[in-house]
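The same chain A turns up in both complexes below, where it pairs with chain B and then with chain C.
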Partner chain A sequence: MIKYELRKIYKSPVVWGLMVVFTLFNGLLIAQNFTQRQSMSQLTDFTANENVQINEESLSSLYQMKVEGLAAANERAGTEFESAGEFFAQRRDYPNEVRAAFAEVLTLEIYYDVARNADEIMAGNDMVAFTEQQIAMIGATGELADTLRAQGLVAQARIAEILGSGTHRDFFFDGVMHATHSHLFGTVLRAAAFESMIFMVLVTAFLIGYEFDAKTVSVVYSTKTGRKLQGKKLVSALLAMLGLTTLLIAIILGIYFTVYNHSGLWGASMTSIFLSEFDAFYATFWDWTFLQYLLAVVGTLFVLQTVFVLLAFGLSAITRNSFLVPILFALLFGGLLLTGTFISAGSNWLLYTMMTPAHLLLRFKNLFMVTQLFPFYEVSTLLIWLGFGTVSSAVAYKKFLKEDLA
Partner chain B sequence: MRMIGWELRKIFEWKRVLAALVFCTLFFMLFLTFPLNTFHRNRPMIDNVRVTQSMIEKYGTALDDGEFADFVTFHEEKSRQFDEYLATREDVSALGFSTLAEIRNSDNESPEVFALLDTLYADFDEPWEIQAREHIIEFYEARRARGEAAVGDLSFWGLMLDANQAQRENTLGSLEAYPLFEGYLMANYSEALVQAAAMIAFSIVIIVSPLYLTERHQHMLPIQYASKLGRKLYAKKAIAVALAGAIIALVELSAVFAIYAIKNGTLVFSPVEINSFLSPFQTWFDFTFGQYMLVTALMALILGTGMALLSKAISRIAPIYLTLLAILVPILAGLIHGIYTYLLRSVWSFQFPQWFPFVIYGGIALVVGGIILWQGKHEKKCDILV
Partner chain C sequence: MLTVSNVTKNYGKFTALDSINLDFANGVYGLLAPNGAGKTTLIKMLTTLIFPTKGEILYNGQNINHMDEAYRDLIGYLPQEFGYYKNYTPTQYLMYLSALKGIEPKAAKVKIGELLKMVALEDVANKKMKKFSGGMVQRVGIAQAMLNDPKILILDEPTAGLDPKERVRFRNLLSELGRNRIVILSTHIVSDVESIANEIIMIKDKQLLYKDTIQNICGLLKGRVFETLVPYDAMPDFRKQYQSLSEKQEDGQMLVRFIGEPKEGYVTVAPNLEDIFLHIYKE
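Now for the complex of A and B:
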């Protein structure tokens, strides 16, 4: 039976049409960072041959590259600048090739400077002060302010730990220049998560509502065995989720990593000093490499979609109207985001109301980071909602088995 | 006429209206409370608006050179008064300051100076007002200069201007008196308007789009399409849908505008022209703020009606809800993106050519009208598919 349910999905031109539209849109999103591609490739050229760690050897070889590049650029322009920064500080017109040559040297200089001062920059991150800013911003008082302060101390301790273990001494794309973290996780993968959510809600509502839309209710659901089809529909929706989301993620990551070469950077630590961006500090709670982090985020995405399928199944089984389900789902999503506005800024409940899949999805680039609300936020949120989704689906299914379908 | 009434009754089915109402409430709380309620509490926006408002009461809706000179003396008098007060404060003289300007322009970057500035700005309205008046004087003089400068080398808020735009700036700069309209008001109004328009687009999809699908579901289409009269229902439905779209848009716009009028308190500015020296938003046409609000509200109405007709056309061809929603999702996303970027926010801006708003909205009307007419032509002869 599951085979026939899945057939309804993959035989539907709409699903593939939507997949094409989403892929085109994702292509546009991926292209947002395209101007950075050239200077990003400078780092991957370097890390492809060198160790990804910042040590004496790699620093001196980076220094060598920088000096040679500067000499070549100076020779080309017939000038004698001591650094590319000096070249760009004076405002005179040079031909574009010369500017490009110096721009390349400037990139190397920035990497060299940050890498050389990695320890000081990492130690300069004051999570306690950052927490105070956040407390002032949301006007937190009492219990909530205490919880946030405690969290700030935990983050500070994590920074000390990173400094002790030296995992921040890894090369990665410079966040201030390229902002790759918020591009890949905050824009591209978050869009994929949203699109997958739209897919799953539509598909689940479609599967459950199918017999009602096709007027086959009285045939299919009139026997005990027939009623159990509802459970098979849930399994099919979950299988469809696995298939469609895998396809979506595979396409999106395939395009992303083809456009932006990451060779040599897969083993880079996600606590690297280069990860932080202009106004955001990023470091993971655990010592993960880039590849491990990516897998963890994709895994989270799949669990999140499972939660969405379960919630959509609950809604569909109760309303039995495939048009109303997406609307109710959107209302649920918005309602979850809004619950916090009814809670005073002095209560820990403000934090607890943020333990929802909606918040998780909106703050996608903060997954597993020390700036996240609290450690194990992601795991506990997903577990709670998996439980809630399972229970509500089970209740809806049980109820459906004995329901009067007039 | 009676048929249209019946169709309207079917469109406004209570379950969907209820869903749309809940949706609008959530949307309002998420996106509209900020521009409507919070704006008039935030500094420095509110200070600039208050200063400009008091100027309008004193000088009328536009400011000429004589009044400007009077305003400058007024400003100097007020600043002197505040400086006199500051001179009596011990914490100010302890740091070696005697006037507000000295503290603000000081090279001393010690925390004490910042703390002193913070307390002054927190305790008094005067520093904010002085800042607002300085801003007005600076921008008044800048526009005078643009009126007198040669058209060739004009730039505007850091923007390079082409020949037409520079000519327009030059004309505005050589006016006898300049309209007194605060730029923050426009930003705030546009924010509220685009959010309202997005809300309208969503609620129209919720209420209007299932139109044909419910009938298909009830096996009504074969009955209707077997008769000539039934086939004409397509046109009647189109009228009903356009009306429904307009009604939804009107109701939601009036709600948002009513709250805007009550909460925001900026309707005093409605007789003032918007091409002000205080606003980065310049248009080719001499709208007053009131006229501009009417025009943009009308555009939101057109967008709403267009979206309603478009969802009707899709509803006609979609066999199941999945198809309907899957086609509507990208269209809605595109429309919302357009609304948030330029369809409403900046379509009248002089960064676009004069004909731009007419072509955009004419284009929308043509495309939507074309789709409806083209589909309607086929209606007369199409096969009845069960």
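Now for the complex of A and C:
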């Protein structure tokens, strides 16, 4: 039975049309960092031969590369700069190949300096001060300000923990130079999550409303299976979610990791000192590697899509109108984002109103990070909404079983 | 035995059917009423698509809505507006409906082949239905209703779109099928049921008016149906005086079939089902 329902989806030209459009769009998003590719490969060339950990041996090796690179660049330019930084500070015109040679050295110098000062830089992250900035920015007062301060202390404790365990002493793409974290998780995968959400709402509404649109209600629901077909359609929508989201993510990550080589970095810690970007501090609440983090984010994305399917199912079963469902879903999504504007900045309810799939989607690059609202924000939000989605689907299904289909 | 027991159906304040009582044993039943009389409402309740507001429908003593799948496994239904997937072939669509009816794919393939042959669609079994004529689609509808070899076959306006030859074939098929199952045929076309129905059910003013054999129902107008020739210019007055059932030009006058009282020049004729239908639903 389910194979017949799935057939309705994979035979739909809209599904494949959207997949092509999304893939092209994602290709453009992935290409945004294309100019960084060359300098990013300097690190992967290095980690291919060295341990990803920052230690005496790897520092020494990096230093050697830096010195040799500088000597070669000076020789090519006929100069005697003591650092690439000094070269670029001069602001003189040199041939492009000379500038490129010094740029490579500059990259090595940055990696070397940050690696050598990893402890100092990590210790310099003052989460208490960061929290105070956040409180001032949103104008938080009363119990909300107290709660945020308490979270700031938790984040500060996590930094102390990281310093103690030394997990920050791992090489990774330099966030200030390449911003790979916000590019991959905040741009590319967040776009994929949005696209998958669009897919899920359309596909679920399409499938649940199919018999009403095709005017086959009387034929289909008077068969032995009857109204229970609705339950099978929900299972089919969930399976379609698994299939389409997997395909979408596989294409995206396939292209991304083909363009941006990450070899040697899969085991790098997600508390690496290099992860933070110019205006954002990134370190996970837990000691995860890059691969583990990527899997956790992709897993979150799948659970999020499950929530969207359940919500769309509830709306579809009640309205029986495949055109109305995306509109209602968009209103729900917007409504969830706007709820906080009606809450006092002195109440903890402002935080609770942010425990929604919509906020989770918008805060995608902060998933599992110490800068997240609070530890287990993702898990608790997903569990609440999985529960809500399941209950609303069950209620809609039970209602459908007892409804007149006239 | 299928029993409709004191069934009422309301839509908000509107009553579509009121206190209907009916029994069905094997045979062909013609559910005859004008459009909007409540035939489709009754049929939708018999197919569990809608639920009675009051009363219940029983199959061998069990409430059909409680029987759920077990009851729907017994029925075959052709709705008034037979919906289909335009991009599917008859075979694909019937395979899907077979799955919904719980028929194993292997058995379904064999059955579908037989049924498509029966409705003369075997040559287009793998052509997309979007190119089909109304009659061809209707024949697919008839085939799907037969897929599970139903004990109760419910057909709502089944001859819509069929040409005269197909209608005759279809009527003969129903006569054959009615020997060992309940066939309920809803229509407002008298000729669809006149020759094959064991009993006729008539609904008027939301209530059951008659459920009887054609012979007994026609007996209601025995001795009251006549034919006579009326000059054209006398027709307006004649129509005011009598209920005209049919009119035909003949020998420069109008041959009128009407309901009236015996009179010289009036030829008594045997009433048929159409006379009854026109008489009952004259307003």
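Note that in this section the second predicted complex is superposed on the first by the 404 of 406 C-alpha atoms of A that agree within 3 Å, B and C clash if a C-alpha of one lies under 4 Å from a C-alpha of the other, contacts with A are read in each partner's own complex, and residues count from 1 in each chain.
The working rule: contacts are C-beta pairs under 8 Å (C-beta built on N, C-alpha and C of every residue); 3 or more make two chains touch, one makes a residue touch a chain.
A quick note: this is a predicted structure, and the numbers were derived from the prediction, not measured.
Participant: Once chain A from each complex is brought into register, does chain C clash with chain B or fit beside it?
Facilitator: In the superposition, chain B and chain C stay clear of each other.
Participant: Examine A:Ser222 and indicate which partner it touches, taking first as chain B and second as chain C; both and neither are also allowed.
Facilitator: second
Participant: Give one of first, second, both or neither to describe whether A:Thr258 is in contact with chain B, with chain C, with both, or with none.
Facilitator: neither
Participant: According to the stated criteria, A:Tyr4 is in contact with first (chain B), second (chain C), both, or neither; which is it?
Facilitator: A:Tyr4 sits against chain C, while chain B stays out of touch.
Participant: Looking at A:Val15 after the superposition, I want to know if it touches chain B, chain C, both of them or none. Which is it: first, second, both, neither?
Facilitator: In the superposition, A:Val15 contacts chain B only.
Participant: Could you read off the angle at the CA centre of chain A, spanning the centres of chain B and chain C, to the nearest 10°?
Facilitator: Computed from the C-alpha centres, it is 80 degrees.
Participant: Between chain B (first) and chain C (second), which does A:Gln90 come into contact with in this model arrangement: first, second, both, or neither?
Facilitator: Neither partner.
Participant: Between chain B and chain C, once the two complexes are placed on the common chain, what is the minimum CA to CA distance in Å?
Facilitator: 7
Participant: If you look only at chain C, which of its residues touch chain A in the complex?
Facilitator: Per the touch definition, chain C meets chain A at residues 41, 44, 47-51, 68-69, 72-73, 75, 77, 79-87, 95-97, 99-102, 141, 144, 148.
Participant: What does chain A use to touch chain B in their complex?
Facilitator: Touch residues, chain A against chain B: 12, 14-15, 17-18, 21, 25, 198, 202-203, 205-206, 209, 213, 322-324, 326-328, 330-331, 334-335, 337-338, 341.
Participant: Looking at the complex, which residues from chain A come into contact with chain C?
Facilitator: For chain A paired with chain C, touching residues are 1, 4, 11, 211, 214-226, 228-229, 402, 404-406.
Participant: For the complex, give me every residue of chain B touching chain A.
Facilitator: Within the complex, chain B contacts chain A at residues 15, 19, 22-23, 26-27, 29-30, 206, 210, 213, 217, 320-327, 329-330, 333.
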